[in-house]
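Below you'll find the structures, each written out as structure tokens.
Okay, so chain A shows up in both of these, paired with chain B first and chain C after.
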Partner chain A sequence: MPSWIEINGLQKSLDDFQLGPISLAIEPGTITALVGNNGSGKSTLLKLVMNLANADAGTIEVFGETAAGKDESWKQKLAFHPQKIIGWDAYTGTTLKEMISSLYGEWDEALFERMVGLFDIPLDKRFGKLSQGMQQKLSLALALPRNTEVLILDEPTAFLDIPSKRHFMDLLIDWMDAKERAVIITSHQTDDLRKLADYIFVMRDGKAIGHYEKEALLESYRRYWLDRLPDGSVPGEMSRDRQQIISGDPAATEHYFAVQNITVIDHAALDLEEIIDLLLK
Partner chain B sequence: MLPIRLSKESREPIYHQIEKQLKALIAGGHLTAGTPLPSIRALSKDLEISVITIRRAYQDLEAQGFIETAHGKGTYVAEIKDVLKQEVKTASVSESFERAIETARSYDYSDEEMTAIFHAILEKRKKGE
Partner chain C sequence: MHTWKQAAWLAGFELKARIKRSLLMLAFYTIVGFIFLTSFDNYLADNFYAFDLLFLLLFIMFPAWMKPKIFQMQKMDGDLWTVPAVIMLQQLPVPKAVIVKSRFIIHSVYSFPYQLMLLVMLLVVSSSFREMITPLSYTAFVAIWLAVSVALGFAMAASEAGGTFDTKLLAKSMIYLVLGVAVFYAAFQWLADEGLIYWTIGMAQNWPMLSIGVSLLTIYAGWNYWQRVMKKDIEKADYL
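Coming up: the complex of A and B.
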């Protein structure tokens, strides 16, 4: 399947921070989560995709068009929900909706109204007067109804309460099901990753650590409880603690146990959070 | 939500676990012909499994005739032949016996001893214990 977004060898220097080189492709029908420590460059990467900053090297193509070009008509196909919104404070929800809906030919008024009802958003208040959670809800209600092919969400659920998080997930699932679409999401909420992500792109201090399909990532780690820990290091070993070994290469580890006649008392998969923690160390 | 429970500890691939459990629900008559199934994306969220894996399970089930996809209408449980239902049931029972036999073998039980235990259990159930 041809990619909708293709990032190749992207680099950017900001003061003493160096992003990249980053290469990443986004396929239709998928949700890709960008995961990394604070300051890993996720938001910078998203800004570069939206052509809100200039790269020092590398290319970004969005639906075959170069994102850094003068012609930004591709932006009709991408909706961006930034972490921090600048310039909305003085406007009410109603005014913001009128401004934004007029820019998108496919604007879904019914979906907007549904989200306003679900999230109980006061449209007559100025954006700057709303709580962080309410600002996030309004901003999401102004993002999904744009009906773009791609939705880029930078920390969309950080300030949402538990029922709103659930509503948001259900809305996003319906939105993905309505037609062929793709989502790029950054999140520190493991629930978002577990329930939404198909692919996980891990970044650490500006560098790409890896791009994984979720199950493949989960299957590439395993924890073993042994009757005795071998003295030397075990193939694939990432850490050990008392009778326990965590392996990043289960096949090699199990082969070694078999050859060395080491009895495995029990074994278990790691959860996503533990794996990400290992990757970000 | 479908009553599917995945074991992430098992070495059996996740797509295979999904296929097997859906087949069992269909063959056991819990999901009847024409029942709509969740979309790939919705099931992916419920089971916390990527759409890539769910799609694979759905494609396999469709190829084997258990489910059907009507364009624009989603996925439904297909009308399946009794022979196929029987196959699934037999396969599921065989698998449970296989596991029991494996446990018995690991304790070095002979075939005769195993058969004796099997008959003892049947007797016990007959008495309604």
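Coming up: the complex of A and C.
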């Protein structure tokens, strides 16, 4: 199946920051999480996809159209929830709903009302007067019901309380199940990534570290507790601490242990947070 | 036409959001303008410079200042300056041409009604002005000043596209702009030996049809030129 979004060799330099080259494809039916340290360029990448800035090199194609081209109709198929919402402060939730819903042919009024009720959003208050958490809830309630093929969420749960975060996760999973769609999400919350992501695209200081299938990534790292630590480096070794070794290539590591007669006392998979931590080091 | 319709619909949200404040501002400045215009006869008699400056401000800068602060050009992240609506609408499925037109509609709402009211008040308040001008030359006079509003004032609307500007450079540019206007004005006074308004009255009296024609052409050209400039600037800018 062709990719819905295709990024090839994308580069952008900003003062002393260099993004890219980045290549990434977003396929239908997938949730891709962009993960990276602060300032790694995740938000910049998303804004480039939305054609809010000009790339220095490389291309972005959205549904076969060049994002920076004359035809802007592809924006009908994308809903963007930015990390920092600009321009909404003067409007009430009701006004914003009136504006946004009219711009999307597939607007789901029932879902909007459900989210407003679930998050207890006051629609008569100006956006600028709402707390950060409530602003985020309203923004999400105005994103999901657009029913676009692709949903781009930049830190969607950063200010949500725990129950709201859970509600949003459930809504997003239902939303994904209802139709063939794709989500790109940036988040520092590993819980979000664990529950939602199919693919993880790791970035560090503007550079792409790798694009991984989440389950494969989880299986590719293992921690071993040993009776003794070998002196030399172990194949696949990522780090060692006292009697533990973390391997990024379990098959090679286990083979080495067998050959060297090193007894593995115990072993366990790493959780996603630890793996990301290792990738970002 | 659909583009203009959608632009007007979008502009309506911004205009309605602060309508009470905008009407109050309009009432306030109408009263201030009325008080000021009562001394217009002095200008005609003694070439009272402040009137020229007032007119230039009203027809060039004033519409941008009339807009509520929340909708005005402001500093975003880093050195990015723009009007928040330009970013907001680009995140929605709104073509850039529609964004430009919606900004022009909003600028027009803050420009033409007040400027026209001022030009009508001038006729009502100043007996000397009434005596020296015929209906045709008055039409030409109005057309000249509306042309100034579009040709120069709508540069302010186009500038709402914004971009990345160094704050020091921006301050320097503003100083140069003020100095430029001052030099132009001084040179004009020296060459024409009369004020700008007086000169435009003369143009309207002596060549009314030509003034109307040139003004209409200027309005048409300025209106289209500044839209093209704004669209290009939006395409060029990095809203990061």
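Please note the rule applied: the second predicted complex is superposed on the first by the 281 of 281 C-alpha atoms of A that agree within 3 Å, B and C clash if a C-alpha of one lies under 4 Å from a C-alpha of the other, contacts with A are read in each partner's own complex, and residues count from 1 in each chain.
Everything below uses one rule, namely that a contact is a pair of C-beta atoms (placed from the backbone, for glycine too) under 8 Å apart; a residue touches a chain by one contact, two chains touch by 3 or more.
Everything numeric here is computed off the predicted structure, so don't read it as measured data.
Enquirer: Using the superposition on chain A described above, determine whether A:267 touches chain B (first), chain C (second), both, or neither.
Expert: After superposing on A, A:267 lies in contact with chain B but is clear of chain C.
Enquirer: Is A:91 touching the first partner chain B, the second partner chain C, both, or neither of them?
Expert: second
Enquirer: Which one hits more chain A residues, chain B or chain C?
Expert: Counted on chain A, the partner with more touching residues turns out to be C.
Enquirer: On the A-aligned overlay, A:99 touches which partner chain: chain B = first, chain C = second, or both, or neither?
Expert: A:99 contacts chain C only, not chain B.
Enquirer: Examine A:194 and indicate which partner it touches, taking first as chain B and second as chain C; both and neither are also allowed.
Expert: A:194 contacts chain B only, not chain C.
Enquirer: Between chain B and chain C, whom does A:247 touch in the aligned arrangement: first, second, both, or neither?
Expert: A:247: touches no partner chain.
Enquirer: Using the touch definition from the top, say if A:75 reaches chain B (first), chain C (second), both or neither.
Expert: After superposing on A, A:75 lies in contact with chain C but is clear of chain B.
Enquirer: Of the two partner chains, chain B (first) and chain C (second), which one does A:157 touch, if any: first, second, both, or neither?
Expert: It touches nothing on chain B or chain C.
Enquirer: Counting contacts the way the document defines them, which residues of chain A are shared by the two interfaces, the one with chain B and the one with chain C?
Expert: none
Enquirer: Using the touch definition from the top, list the residues of chain A that touch chain C in their complex.
Expert: It comes out as residues 14-15, 44, 47, 50-54, 72-73, 75-76, 78, 80, 82, 84, 86-91, 95, 98-100, 102-104, 128.
Enquirer: Going by the contact rule set out above, which residues of chain A touch chain B in the complex?
Expert: 29-31, 169, 173, 176-177, 194-199, 213-215, 218, 267-269
Enquirer: Provide the residue numbers of chain C that touch chain A in the complex, in ascending order.
Expert: Checking each residue of chain C against chain A gives 9-10, 13-14, 16-18, 68, 70-71, 76-78, 84-96, 235-240.
Enquirer: Where on chain B is chain A touching in the complex?
Expert: The contact residues of chain B facing chain A are 8-9, 14, 39, 41-42, 44-45, 48-53.
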